[in-house]
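Following this line, the structures themselves.
You will see chain A twice below: alongside chain B first, and alongside chain C after that.
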Partner chain A sequence: MKPAAKRKGSSLFVRRNKDAIMACVILLVILVLFASNQNDFFSRYGPQSIFNQVITLAVAALAQTVVVLTGGIDLSVGSMIGLTNSIAATIMDPVSSAVGNETVGILLTNLIVLAIGGLAGLINGAIIVYGRLQPIVVTLATASIYGGIALYIRPTPGGKVPMSYTEFLTGRVFTYIPVSAVVLAVIIGLVWMPLRRSRLGQSIYAIGGNEYSAFVSGIPVERTKLWAYTLSGLFAAVAALLLTAQTASGDPLGSSLFTLNSIAAVVLGGTPLAGGKGGYAGAVAGAAILSLVLGLLIFWGVPSFYQNAVQGVILILALTVGLLQKLWRRAPLTTSS
Partner chain B sequence: MKTEMIEPSSAPSGFGAVHAIRKSAILKTYLTMISLYIVSGILQPHFFSTDHVIQLLVLASFLGVLAIGQTLVILTGGLDLSLAYVLNLGAVIMTQVTVQHGGGVALVAMLAVGLLVGLLNGLGVAYLNISPIIMTLAMSSILKSVTYVYSNGNPKGNAPGWLRYMGTESFLGIRIALWFWVVLAAAVILLLAKTTFGRKIYAIGTNARVSYLSGIQNKRMIVMVYMLSALFAVLAGMMSVGFYGLSYLGMGDTYLLPTIAAVVIGGTSIIGGRGGYVGTIAGTVIIYVLLSILTVLNINDAGRQIIYGLVILIVLFLYGRGKKVRG
Partner chain C sequence: MKRTRVFRLAALTIIVVMLGVLFTACGKSGDKGAASPSETSKSSANGAASPSAGASNAGGKKAYKIALSNSFTGNSWRSEMVKIFDAYAQNKKDAGEISEYFTSSSGNDPQAQVNEIRNMISKGYDAIIVDAASPTALAPVLNEAVDRGIVVVAFDNTIESDKVYNVNTDQVQFGRVQAEWLAHEMGGKGNILLIKGVEGIQIDKDRDAGHREVLKKFPDIKILAEGFGNYDDATTSVVINNMLSAHKAEGIQGILTQGGGENAIVEALKQNKIDPSTIPLTGEMLNGLFKHMKEDKVKAIAVSQPPYLSASALDVALQVLNGKPVNKKTVVPLPVAETKDADRWYASGQPDNFYVDWTDPANSFNLKIEQILAK
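Moving on, here comes the complex of A and B:
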């Protein structure tokens, strides 16, 4: 496996991400349209605004991807983001003043929030694995529970977030590079790619491919699933921390859209809900399409209530084109749904 | 096994009551429903009155009718996330068309639009092989915009006279809305248990490949199931219009997840093939009894959501568990 991967690394990358090609083409079109409409696209503000629009949904889509790869689905992504977002906005200021140093306080808050996100994900995984229940209904139930806890912590949107935190995470480093791009690069380069090459990563894909085969091949199905859901919770917490920086407040219910949008982004990126195939490239591309198309409509002065329809149509068209591609490549599908 | 799920009465006797309860998800659902109702009655003795029961059932009837479609779709192994928005569009068409062309035209228009939306959902799922979650999710997005554009953000008009009558008056001491639910429920239960159409739905949900090889037109069936689902959704929208007298945006939003919860609490497997509408009725009533308990206990919104989630989990643990995988 390893040497083969080294010998033709590029083709492996292409093979692994061929389902994401459709999404990348659409994204390219959207970016070209963006460039022709936004005057400061090629200035230092262009990439910054684009990455800030995309980053939260992209990370939320990664949270969804980990679980979808195992063949599951996480309907609590939005609630976990809402919960961790509410907690972050609520405790950041008190923690900072308790520690006496704003930077240390922010870091500590981030760690606490990440731990809570991971725990929420782990609870999802534990109920699904040890309860032997379907992911879709379990996460539907925990979504309600996490949403309730978020509402308990922050009955109304608000909270206090230090200016420096917002300025840092939505700003730029080295004049040109948006911090959100750095964050995304770190998540993909330092978390996702090592994970993909690790035993855990291979197990996640194997389970999604065929759970029973994975089981009889000696892959620890239960532990892998626990990790997948925990990672999903962690990524959701990262998305929440970025959201906290962008909105400078905590909103217990406002994040519920992330659940369905993250699923849409994952599928738009070519990752099938059946699991076992796909990865970060599709998820990020899908999230970028869904976020940027809104910006494009605003440029063109399209009334905001057409946005939902445009997103829905893009989703259906992308999947239809993907199907036609498959039909063209090989014999017609004989299996019927 | 399967008939047992649908008709608990026909379960083989001689196994003993305890065994029957342990085996039948339906019995467990109804026992849960009755125990919860008794708890609500202990907390608030007024809840034992007939008035309260009827009021509770009338409120439950909207979700009950909406959940018919969800039950059918889930039985085939699908999921319909567009129901809430189909309901809303149906309701808006009902009131707005009534203003210009009268209630009869409104009814026809509403049913036609419902069938069209269901047809599109079904075509996407069956012929384009788009996964049901995604197809109906995309349809939700589109319908949200369509409803907004059609109503200009502010739905106008009122319920026609006959619909208002249906929503507020009684027949034989029972609200007509409730009769409507009873008739539809009976029809669906018969459809699932006694017709080939119903048996085919179970066959597809149990194993689509086997049902296809057995000569069932899977694709055609799936299209019809999504059409029925959307049809029941617009009917639920019509009932809401009858009850409130008008339509507004976001009318169905609170129903989306409860439809899935009602079906699952009712013992229908989310992966399809097992369960039925008899359970969904109990699931629907359980949700409303639970809401009434939470209201009596004066629990705030945060607590309600937490308890709501916990109850779904508990019910799942009671009868939703899978078998342990062995090598």
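Moving on, here comes the complex of A and C:
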């Protein structure tokens, strides 16, 4: 399939991302099917449509990834998105008119919203680390709290978002390149990859691998966990800002599905819930699969009663194949690791 | 060691690719399996397995491809609305005006509905008809659709955009019709109980504004008590029982309710030893209310947010596509029925929450009830 030399050269990359291969292959299949079913796939609208569908869940999956890698889980991702989305849609217009310049107002709003997201994540992390509580319980509780605050800020969906904000983030640059694709490239290239290589990133992986070993090796476990949850909140806020652009409004409860979908994307992307290995590449593929498969069902005209069921079946199939692959790999090499 | 691992990896990749192909094949055949049985009856999954099918009729008048994007499906109104659309679109397809139609429900998740509409745009529908999950969230993607030459018609939950055609009823008028009838029945004086809908939502505010606008003209009508019934029997039951025990002694001449809890009201009156036929009642065009009109001789007026708005929206879309001038806002007249019309509307054998106005009073959509009831 691939030339031998290239295979050897990329073996480190392949080995690092082998858990993501399954997701990548499924995604490839889906993209091929998109190419043959989406009538405007080869026009400038096709990639724009695809990236706009994928981008929010892909960023939400990054929020989930950093936490899952530590061996934790964040059930408040959807609520944090709902909260920051509600805040963004509520304050963007007043801030813009107070500053007197729309662009400055939008940037300022984005900074405020990112800070709030980071703070929400930091609160999660602080309760988990200093309260010595299970992440699943803590984030379930804070999810209700953040959802409640979102409802208080914005009892009904709505708000006002400048058209320019929507048109910029869901549009294209240089006629052909979707802005969503640029955002995703920035997230992968300028956020995830430096993070993965940084001391913090290594610590996150180490804690997920074996928390005790990490501790005795001198890795600051508490500080790393605090950072992981703070980053999760921050990335949730990024997802919310993108969602705000896509919907031009805030919805306190409309983003609750992001929690489960982000977990599904992470697991589908080959990162085990126990943490310690995997990464973001797979999660992006997982998020793309989950977002795009419904599009295929719409192209094929499958009635909506079956759509959720088909989505679930695909998830289970993908996870089963991943599991089989793991068992099969382990069988001949019981003494490794 | 390393070599075997590479080999294993290669083997794995091949297997995975084969599985992928298998999966695709399954997906495709599964899709056909899902589509073909429903195609023979009547369904939205027509000819969609082959992407090029049904682009337009060969020669003659152009036939259009229409999609309905619904959000929430969890209540009888929405499911009836979708069935009416399917039935009416099938009629139009048989008449050759539509080449293809498709219905999809994304659930109450705005992002999912945005994605659904993006794919409908890609699929190349000539018109997209929308019942939105959120009045604001869909505006950007629908504007995008309009910019790409697609006719967009929103109904029920309308969209705040001057590019989109909106189809809806006048909910203030809904309130006016109910209150005027009640005031007339009561001879312009007496005590009433007022049961509103869901606190804070727009429909409740509109209908309530209509009620109060009319009641202002009748100073002799006194509201003894008011409460929120949430448009359902469970909540309404609690509210009406509290009201009756508090105010029964003062004498009640009428009950003004936006609808949805008529069953609970009639039951509560019976429990309190009040003959329901003596107290005029307002409500919605639900089967339960018409059952009480027939069985208990309840004197009532029923108004409705008709589920056939989906069919009206399809009409608007076709008019726009055929180049006829259409207003951006279409106000559909409210269907109204009284006790004397009960025989005409009552659908025996249907549940109490069935909306009996499955077609407009003149049946201009040429629907048959069997089409709506068929699964």
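Throughout what follows, the second predicted complex is superposed on the first by the 321 of 337 C-alpha atoms of A that agree within 3 Å, B and C clash if a C-alpha of one lies under 4 Å from a C-alpha of the other, contacts with A are read in each partner's own complex, and residues count from 1 in each chain.
By definition in this document, a contact is a pair of C-beta atoms (placed from the backbone, for glycine too) under 8 Å apart; a residue touches a chain by one contact, two chains touch by 3 or more.
This structure is a prediction, so every number in the text was calculated from the model and none was measured.
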{"item": "Chain A as common anchor, with chain B and chain C clashing or fitting", "value": "fit"}
{"item": "First, second, both or neither for A:176, with chain B first and chain C second", "value": "neither"}
{"item": "Which of chain B and chain C A:247 touches, first, second, both or neither", "value": "second"}
{"item": "Of chain B and chain C, the chain that contacts the larger number of chain A residues", "value": "C"}
{"item": "Which of chain B and chain C A:156 touches, first, second, both or neither", "value": "second"}
{"item": "Touching partner for A:36 - first (chain B), second (chain C), both, neither", "value": "second"}
{"item": "Contacts of A:137 with chain B and chain C, given as first, second, both or neither", "value": "first"}
{"item": "Touched partner set for A:299, first chain B, second chain C, both or neither", "value": "second"}
{"item": "Least C-alpha distance (whole Å) that remains between chain C and chain B when both complexes are overlaid", "value": "6"}
{"item": "Set intersection of chain A contacts, chain C complex versus chain B complex", "value": "155, 306-308"}
{"item": "Interface residues, chain A side, partner chain C - complex", "value": "1, 7-8, 11, 14, 18, 21-22, 25-26, 28-29, 32-33, 36-41, 45-46, 49, 52-53, 56-57, 155-159, 166-167, 170, 243, 245-249, 251, 254-255, 257-258, 291, 294-304, 306-308, 317, 321, 325, 329"}
{"item": "Of all residues in chain B, those that touch chain A in their complex", "value": "79, 81, 124-126, 128-131, 133-135, 137-142, 144-146, 148-149, 153, 208-209, 212, 218-219, 222, 257, 260-261, 264, 269-271, 300-310, 312-313, 316-317, 320-325, 327"}
{"item": "Sites on chain C touched by chain A in the complex", "value": "6, 8-10, 12-14, 16-17, 19-21, 23-24, 27-28, 31, 34-35, 38, 43-49, 51, 70, 73, 102-112, 114-116, 118-124, 133-141, 144, 148, 200-201"}
{"item": "In the complex, chain A residues that touch chain B", "value": "73, 127, 131-134, 136-138, 140-145, 147-152, 155, 211-212, 215-216, 221, 260, 263-264, 267, 272-274, 305-313, 315-316, 319-320, 323, 333, 335-337"}
